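Several structures are given next for inspection.
Two complexes follow with chain A in common, the first pairing it with chain B and the second with chain C.
On to the complex of A and B.
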């Protein structure tokens, strides 16, 4: 503003007046810079605190799911219970009840006994069955066996529910609390690392529920997604970027790919339902369909990222290769692709991470079913990690709360691992100029 | 100037950036009256030269000796269009055997465009059209039956900015022979790499670090590496587009010495904006002006006794 007003001064003593003029402005410029920096810093602090809060609350409520309460029973494998040839037909629940009755002989009456039996998980019978199947010599002996406690007992031991308050409003009744205290005093209750959580599929009983089925479901789905979307996406990107003629058709395709990347994922779920399940008659709730749907969703992301990576390869490299007589294809494969690969891989992994976390399209194709068995292939019914989180979050049992958080932790761990891989691959394949 | 090979975006940008010059073209060719004004953009500020040029523009016929007795490449009536825009017009010139032909002229006059016709690099530019006839050893290189891949092996190219592949020095030189299947054994390949690097005057400097990346060399070394890469496939003609413009004077001097040596085996066409360089390295010089080939002749003669007004203006420094 001033320079128009006083040009003569500037010409008379150019050095002094110039530095004066700049000097006058300088504090204001520095203040602006400081202000800007502080704003930036505040933004980062706010974002970080959200993140810390999120992680804090998830880990805080989820870490306890990695331990599980066990109860020690003294089980007598009475020969009279194993009359039949078929060992599995024996009354194992009866054995569990029997041992509980022996431990607390004073308990009488149907209701009280029922309460007593509910201290241990229904899975205790299966534990016994497995032991006998493995070692039939146990029949006729008495063994001390650690079995899973019921989820309510587990919650009490972990301090997530309390024994206070009116009895009618509590899941655990007064007599049960007394038995638990007794067992505890005898050292017959302890918490251990929760292997079940990592080895079991879903279950209605929280103490038996595990993440394995969902992890495998996600694994199979993502495997299909990766195997389809990476090659198809990269090929499409290479063709569009390097070989396709520049005409209306390719422009239309380009615009549509960009649009597809922004389409809400549930639409892809509907599309998958219509095409793969209704039209092609593929089985519902299976990783193969889930993988196909996620492929549809991930493809545009990969194509866009790969094209950007190809675009960023300097034209001088293409000229160099073409200039000594490399064919178009050799130029692309030998020189352009290696330079674009880090960007392509990053885009792919980011797309895959999105696919791993996406729930909506899987709901549409029935991957939300309650499935106990761990899928062992692409066509077995399965759920996926985010769907499992949704299912558990929706369950009324108190013990599923911590399972939900634990499942979120697993999902986040996978996401972080995938993003770390993306960073690592980029660093590894990046070629310095 | 680096021309993006297959970059729709970059090319559009290019075209808009050059629209100014192209309209200028049209006016220049449409009539002498309009052209005098426009030509001030070229840097001449003198009223008299403008008037003189008006006369000169009217006759844009090439003067001098365009043709040689024993040509390696011949260009007849070559014109190049970028879209509708004519970049060079009716160029007829020969490239002799074992000679260095220098092409000089103000920037934007079409030197690179013409050079890139000689190995059909312009094929990679979308919207670029070449008319006329270019022959290499009597064979029309734009004939439909001609494959550009072997052609580009026979007519090698060195670019303005050194552009080694981001691979090892060895792989840079070995790439051409490998893709063209010139060698059968590893020993043969190693020999080609060594002779090429020696011819490019780089062997002594890099023989102990052939596995290091070519991009780690200095600018001058990189450019010599690019020359070694070009000669590794034993071309007949080497095209160089301002090969020294990104280099310091010492590196430039080395490349110039190298060009003098390479002339004994190859035909070389070099584009340069440094007139001293043209006079130092070349036997014949061609002067381009706004898409026209104005004058061709023995370098000595062109620099000491130019026949065309425009050539004289340029070499006496009245032109950019």
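On to the complex of A and C.
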């Protein structure tokens, strides 16, 4: 680089001139080298900062969903409300409204009262109902009960919507804001850990919505996928790697598997809709069909991983087994398969993680319906975790945004756990031959 | 006995048959002068008997289970009163639907629906008879085939060869699943697409410039002409894929080159798994990110430059899709760069080239076919990607090259046409399958070429 400092001595001899020319070029070439190196590093930094940005924006908007706002009510279980034998027939919403009216006796007029009632979630009545069903002795007493606040109140308490601005443009009106401030000053509003989110099914009311139903739907679908795709995938890999003769049929199967691994997942959804639902008449929106579609999608992944695992078992193992008189099948089952199994399991877990995150094929087979009940079997209508995320992302309520982000965090936690298991298995059982 | 219980009984039978077969083999061995006189291990005889107990019976049970509903429905149809049978096909299928709902317990027939109630009764009776018959025949078959094999067990029976033959057949069937899946895909999209092309001629679909698949219910309705010209949809797909590739190719390729040629061991062990996380994130998460974070960001940015940016701009969807594709490009190209022999690099460096010049003039040209293959795979991925575009791209089919406008894609249209009510006699629903057909064959074509190129490239240096 300091060649520049040296003045040219002589330019007549051609050798000198060549090294001169090289010397003159060197700074430029080194600069290009440095530039390129920096460019490569920038590319990695840019890619990784996308990752950080993505995680940051999701965690930033989702962590608040793990807490939920509750309001304390003093409910009088008036005996006059429980005249009928059937306790569930009592007017529980009325009890909730009554207690709100006693808390704010100054509120009058239909519109104002309606606003007042909107502070607590409609689920408050069910909370009361459950309490009475569990303990009928409550009738005739007055209890202080924490019930879910409405999602707008929740958003306000968490600071995600503000009470400022034009009243007509706000979800919470001025009188509601005043009541909330009063309740807050009295210590009757607080945020707690959101258990509803983990125990409830879907709901139109954000404060009552949970991911339990979606998680169970994903669980049943993936169970079917695992039970079918692992044995079929492993057996297919064994045949192709250990037994298949080198002929056209084998070639066709191999090309097919490689291509299937790259077919867009939505096409598998079309297959599920046309074949499983329309042709075989299987029930729509159920984990059975979801599981079958995901099986077809996961199979190529598992087959490719299992073949790689079989390929990494050295031939000496096979030769040794054959040498002491084992049959080909015995060699494979007794000696090659156990050595390849960790690799196959790793591939299977990665395939299952992909199946867990996949949404598009499930939309096609109707696992996108609004389902409140938590599925309890393979043929109950269900959604899946990623589909739930999609459904909530489409909901207009502000409170569903944080629920969506929180559901994404749960989904990512599952995926990270699965991939970590795969990495752990690989590290633990990896054999360097 | 219902199907799961039947399976359980068959499994128990298999265990019993295994013990029986192994015992008989041991007895034959004892009679014939010790265990060495047996052709196979006793366990092979056991397995053979177990296979005989289960395999034929299981096949029959599965076929029966699959054939039962259509056969029973046909019997039921024949038994319905004449006036019901005279109804139109649509009404008739409604009645059948009601009956199956009554049978499933989802629906109680009203007082005026005696026909349905009686039919449901009959159906349930038929079902019971069928179940009973199935259980009897399946168990009988299991017993007979077990007995047949059991009787033939001698010391010289080549049990191992037979068992291994059966196992091998099972392996072949499993590996044929890939072909079944492909055939299933082709048939499912092809049949519905052909029905679509009977209504809308293929040239109109492939070259038409107007896409508005909502069918008009009334004649005077506007905006729902039922036009099926897919060019704007294809153009939108290409636009978004192009934006994605403009993001993904430079970043992915440069990171791959840096990681494989420059980076130290430490950076590689950290950066590679982190990049792979990008590939592992579900696309619905990217979709949410695109719709909620990136799209408003781009719109606000555009507004500050006085640019009219749609809130469902192609740019937002393409950008996020590009982020998703980065790890595909980078990991595929890194594999390819690794396959370039070290001697090529050494030769270039020995001639005095800098590392950059080596990469530019030697390594990348040598790896180019593989890189192109990897990029083609990434393009096919981008075209088939669904959730990001469903959540972040628009629904209206604009024929435009402006990345700030909303465009729609093939996958978005498939989802919107098929989610919700489906009528398999309207071109609206069938159009989704025609789009699926195009998507399948186009991505298949890309994948096929890409895999071929990558394979050829690998062979070149092996």
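We take it that the second predicted complex is superposed on the first by the 386 of 433 C-alpha atoms of A that agree within 3 Å, B and C clash if a C-alpha of one lies under 4 Å from a C-alpha of the other, contacts with A are read in each partner's own complex, and residues count from 1 in each chain.
We adopt the following convention: a residue touches a chain if its C-beta (ideal position, glycine included) is under 8 Å from a C-beta of that chain, and two chains touch if they have at least 3 such contacts.
Because the structure is a prediction, the values reported are computed rather than measured.
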item: Which superposed partner A:179 touches (first chain B, second chain C, both, neither); value: neither
item: Chain B versus chain C as contact partner of A:70, first or second or both or neither; value: neither
item: Partner with the higher number of touched chain A residues, chain C or chain B; value: C
item: Touched partner set for A:197, first chain B, second chain C, both or neither; value: neither
item: Chain B versus chain C as contact partner of A:327, first or second or both or neither; value: both
item: Partner chain in contact with A:299 - chain B first, chain C second, else both or neither; value: second
item: Partner chain in contact with A:220 - chain B first, chain C second, else both or neither; value: neither
item: Residues of chain A at both interfaces, chain B in one complex, chain C in the other; value: 327
item: Chain A partner contacts - residues on chain C that touch it in the complex; value: 66, 69, 160, 164, 167-168, 170-172, 174-179, 181-182, 184-185, 187-189, 191-192, 250-255, 257-259, 262, 267, 271, 274-275, 277-278, 280-289, 291-293, 323, 326-327, 330, 352, 354-357, 359-360, 377, 380-381, 383-387, 390-391, 411, 414-415, 418-419, 422, 424, 432-433, 436, 439-440, 443-444, 447-448, 451
item: Chain A residues touching chain B - in the complex, by the definition given at the top; value: 242, 246, 311, 314-327, 330, 334-335, 339, 431-433
item: List of chain A residues in touch with chain C within their complex; value: 22, 29-30, 32-33, 36-37, 39-44, 46-48, 50-51, 54, 57-58, 61, 231-233, 235-240, 243-244, 252-253, 255-260, 262-268, 270-271, 273-275, 278, 280-281, 296, 299-300, 303, 327-329, 353-354, 356-360, 363-364, 368, 386-387, 389-390, 393-394, 401, 404-405, 408, 411-412, 415, 419
item: Complex contacts: residues of chain B adjacent to chain A; value: 2-10, 119, 121, 124, 126, 148-153, 156-157, 159, 161, 163-166, 175-176, 179-180, 213, 215, 226, 229-230, 232-233
